[in-house]
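Two complexes are shown next, each including subunit A; its partner changes from subunit B in the first to subunit C in the second.
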Partner chain A sequence: MRRVVITGAGVVSPLGDSRAALHAALCGGRSAAKPLELFGDEKLGCTLACEITDFDAQKYLGGRNLRPLDRTARLVASAARLALEDSGFGVETLAREAVGLVLGTMFGSLRTISEFDRRALTAGPTYASPMDFANTVISAAAGQTAIMHGLRGVNSTVSTGASSGLQAIAYAADLIRAGSARALLAGGAEELCFESFYGFDRAGLLCPSNNSAPVKYPIPFDARRGGFLLGEGAALLMLEDASRARERGAHVLAEVKGVGSAFDPSRGKDDGKAVAAEARAARLALEDAQLQPASIDCLSASANGSLCADRREAYAIADVFASAARKLPVTAVKSMLGETLGAAGALQVVALTETMRDGVLPGIRGLEETDGDFPPVVASPQNRRVDVSFGLVNSNGFDGHSSSLVLARPSRR
Partner chain B sequence: MKQPRRMERRVVITGIGLVTPVGTGREAVWRNLLAGRCGVAPVEAYDTGELSVHRGAEVKQFSAKDYLINTDAETVGRASQFAIAAARLALEDAGLAPDAVEPERVGVSMGTTSGEPLEIERFDDRLVNGELGEVGAEFMARYPCHNISANVAGEFGFGGLNILIPTACAAGNYAVAYGFDALRAGRASLVLAGGADPFSRITYTGFARLGAIAPELCQPFDRNRKGMIPGEGAGVVVLETLAGATRRGARIYAEVAGYGLSCDAHHMTAAHAEGDGAVRAMEEALRSSGTRAEDVSYVSAHGTGTPTNDRLETVAVKRLFKEAAYRLPMSSIKSMIGHTMGAASAIEAAVCALAIQQDCIPPTMNLTEPDPECDLDYVANEARGHEVNVAMNNAYAFGGNNSSLVLKKCEV
Partner chain C sequence: MNAEEIRAAVKRAISTTANMETAQIGDDASYKDDLQLDSLTILEIAVGLEYEFQIKIPDEQLSEIRSVGDTVRLIQQHLA
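After this line comes the complex of A and B, so read on.
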């Protein structure tokens, strides 16, 4: 069977715009959380977010006409440019070969959708712009990015809530394994916007910002955790058929060794079924990688500070790893990046490739005491030295979707 | 037992569930398509007042409670209601009780253009009217598009892979292709694959502003065609491995043999002038399915009825099939059910499977005056008995996305 390797990454995040910068920020314990600048509303219970301050796509996309691109499309097109550069795909290669894009996103640009509708409501439908309408489709960012960079291969978008980014990488890896594609950009993106922020706020899922709250920041697995903060960003990885990467002498960051996905049909209403689905996704990924749980050297958790989601993930880790869980270092980068929804899983993969390279696993910012309410997770607020041959990435949605991915350090020759 | 290797697994369609503007259920829809019934009428879902067009293809007399047994219809959006109904019909059509299959090995792969747009429209109404305080937890629980595939799995208790592919007007084909890949890779034993979209004022307004909606009829390939007619609905097929279907003695409609996806990388709403991407998608569909161009017996056209689409699709089919294109029947059921968005190519894939099983091709209706630039055999106005061994289902989308799916008569 064909093997799939990662030969580059493009990152646009509130903690930096390269894999090295992201890793340095995470290992420096930097939090991206700060008071909202993009929008505000007196009705919001949460007023903090992990925004990309002063995001300027011109920096990555030069003098191109960016007017037709909304924030989501700019994030994706910028990350794509960086990933193409990082992996050494130039204009000539893209003209010769149909490179594709598989994007994970929860909403696309909800702001574009809602603004188009509201303009028609308030000014009248004849004032709604046809060009804006083209951007209301959830796949618009992937389409705009393909146009900007000449990506003529498979162009797909997948939506599985907060696990979209990892699911997109899993999908792309399968396309390469099956021989349907040789090189694909894959990952995820999400913008911060008022409409989705307000929805999460009303659902009571975000960290309360009032002064009586015990913590205003997300602290995954901590006993004091009270919710998550929303973030934004984009991360795309260049996935290639390993033999093709070898032929062109590409630098390999990691190998996608196995993927697994599962669903909880109770949609989170039944704790046992929710834990079972997460465990199933991880087991399927390990089976796909032909590895035993004990071979995994570290785990990048999906945990974002939610009361319920973090507890379930801890139970799922205990279920899959059994006694090996006691020796499994776990990190949760959402303590610093926030919950970036569709981008989250892809950002975790990028961060883990850096941990594989330099052996430093970022700590969980703010962690004091893991919750005694669930099985112990080997988490730490401090960075740890780890020698990672194989790492597991978990990415879970809020209402049933789970994906896991096994990453392998490239073999040394 | 040792699983067969990936390339040895064949994938077949054993169940079809349809919710369309010309009826609900495989038999009713097929009968009405062959009879040339059109589901186009004045729009009732919302007031099209200020626009210059007012007709659409809506699903009338749909009672969600007839199909949603384990889901409270009030708690899910209209796309999810359609999707669950189509899924239930497909499972029944396949002769599968939901408990007859290992639920953790059943996947759901759905496509959509707009997800659950009525939920964001309600949000926008409240925002505009200064009633945002009335938004509660239900908005986030109902709006995100992944709810469509999640609600289908929730209704039946399916815990296998679950994915929503929002690739606009080609999403149904993408979703079937994903299910096909998942079965071939051994990631599921059975996949419900399809697409769903509800009638939406955002979609209707948008296409109206693009000048793409016809005032009266959808007339694909006609010289006087004036555009598409937005529609709504859902289509779901049961995909399983040939080995599994044979073991349980299932009726097989057709085999999914392969597909091709490509991107023009050219323009968000306009196709490439020579149909480059469309040709590449068809070529890849033929290659991956091991099919020669001359063996294709029917093309289910994207055929929206817009002046540009139909002309360019004709150009692309001629580029690929050359002289044989003139003898190759190609029809568009959008002439009858309108453009059902993310559901369209799923419904059309199901119709291709029926065309193969019944050796009969549904017509392109409302084609009264031939267009010199559209000079192929569009099966005008009357269904045709015709041996269909291989069908190609084409669908195109915003962003320059092209998809072609190849279905074949299943020879064991």
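After this line comes the complex of A and C, so read on.
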């Protein structure tokens, strides 16, 4: 079977727009949380978010007309531009090679869908925006990005809730391993918008902003945690057939060694089944990578500060890693980036490639004491020195989806 | 409303939708040849103008719009 390597990454996030900037911010313990600027409503229980307040797609995409692209598409097209540059794919290479795009997103652009409906309902169907209509399909961002950058390979949108970004990378890796594609941009994106924010806020899942709340920020695995903050961003990785990457002399950031995914049909109603699905995804990824749990040197957790989700992940880690869990350093970057939904898994992969490069695993911001209500995880607020040959990334959704991916440091020659 | 005011509104709509300066848009510029707009953008401009002027242009007339001049004349007809 063909091997799959990562030869570049493009990141647009509230903590920077390159893999180095993202890693520096995470290792510097910087939180992206700020009072909301994109929208506001006094009825919201949570008034903080990890928003890209200075996002200007024109900076990445030049003087093109960006009107046909909504916020999600702008995030994706910008990340794609950066990933193409980072991996050394210029106009000539793109003309020779049919590069594809596999995008993971939970909501696509819920904003555009809502705006289209709003205008049709308030002004009448005649006045609904044709341009918004074209962007109401969930594949719009991937399509617009391919049009803009001339990506002629497979164009897929994968939607598996908050695990979409990692699942997209897994799907793309499988396509390359099977010989169906040689070079694919893969990752995820999610925009911050009132419509999805309001849903999570009403569900009581976000960190309460009122002064009586013990903590207003997400602290994954901490005993005081009270929810998560929503974030936004996009991360795309260039995945290539390893032999092809070697031929063109590409710089390899990491190898995608194994992937696994699972679904819990109880959709979290049954705690045991939810934990079992998460554990199954991780075991499948390890089996796919032909590795024992003890070979994993660090874990990038999906934990985002949720009472329930963090506890389940801790149980799943204990189930899969057993005694090896006591020596497994765990980080949770959502303590600083927020829950970026469809972008989350891809952002975690980007951050982990940087940890592999410089041996620094970011701490979990704000962590004081891990919750005694679940099996212990080796987590710390401080950064740790790690020597990572193999790392595991977890990405779990709110709706039963779980994905895991094993990343390997490129072999030294 | 006179033709000049309508023309200014048409140019404003093109400017916002297609991201170009109004000064770059000729009084009788052709959407495809001069401004290089695609059909979706032209439709978006037309629907935006229908909304602004609170008129309803039949589909068969909409598909015949080729230029700024055409658009101004069509809006004038419907306002009359």
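Keep this in mind: the second predicted complex is superposed on the first by the 413 of 413 C-alpha atoms of A that agree within 3 Å, B and C clash if a C-alpha of one lies under 4 Å from a C-alpha of the other, contacts with A are read in each partner's own complex, and residues count from 1 in each chain.
Keep this in mind: a contact is a pair of C-beta atoms (placed from the backbone, for glycine too) under 8 Å apart; a residue touches a chain by one contact, two chains touch by 3 or more.
Values in this document were obtained by computation on a predicted structure and should not be read as measured data.
Undergrad: According to the stated criteria, A:372 is in contact with first (subunit B), second (subunit C), both, or neither; which is it?
TA: After superposition on chain A, A:372 lies in contact with neither partner.
Undergrad: Looking at the overlay, does A:128 come into contact with subunit B only (first), subunit C only (second), both, or neither?
TA: Both subunit B and subunit C are touched by A:128.
Undergrad: Applying the touch criterion given at the start, work out whether A:249 contacts subunit B, subunit C, both or neither, answering first, second, both or neither.
TA: neither
Undergrad: Between subunit B (first) and subunit C (second), which, if any, makes contact with A:66: first, second, both or neither?
TA: The answer is second: A:66 touches subunit C but not subunit B.
Undergrad: Across the two complexes, find the residues of subunit A that touch subunit B and also touch subunit C.
TA: Comparing the two interfaces on subunit A, one with subunit B and one with subunit C, the shared residues are 68, 126, 128-131, 134.
Undergrad: Can you list the subunit A residues touching subunit B in their complex?
TA: Listed in rising order, the residues of subunit A that touch subunit B are 1, 41, 43, 68, 98, 100-101, 106-108, 110, 113-114, 116-118, 120-122, 124-126, 128-131, 133-140, 142-144, 146-147, 149-161, 164, 167, 171, 174-175, 177-178, 180, 195-196, 198-200, 202-205, 261-267, 273, 276-277, 280, 284, 397, 399-401.
Undergrad: Can you check the complex and tell me which residues of subunit A touch subunit C?
TA: 64-68, 123, 126-131, 134
Undergrad: Spell out the part of subunit B that touches subunit A in their complex, as residue ranges.
TA: Residue list for subunit B touching subunit A: 6, 50-51, 103-104, 108, 112-115, 117, 120-121, 123-125, 127-128, 132-133, 135-137, 139-141, 143-147, 149-150, 153-154, 156-168, 174, 178, 181-182, 184-185, 187, 201-202, 205-211, 261-269, 277, 280, 288, 397-401.
Undergrad: Can you list the subunit C residues touching subunit A in their complex?
TA: Touching subunit A: residues 16-20, 40-41, 43-44, 47-48, 50-51, 56 of subunit C.
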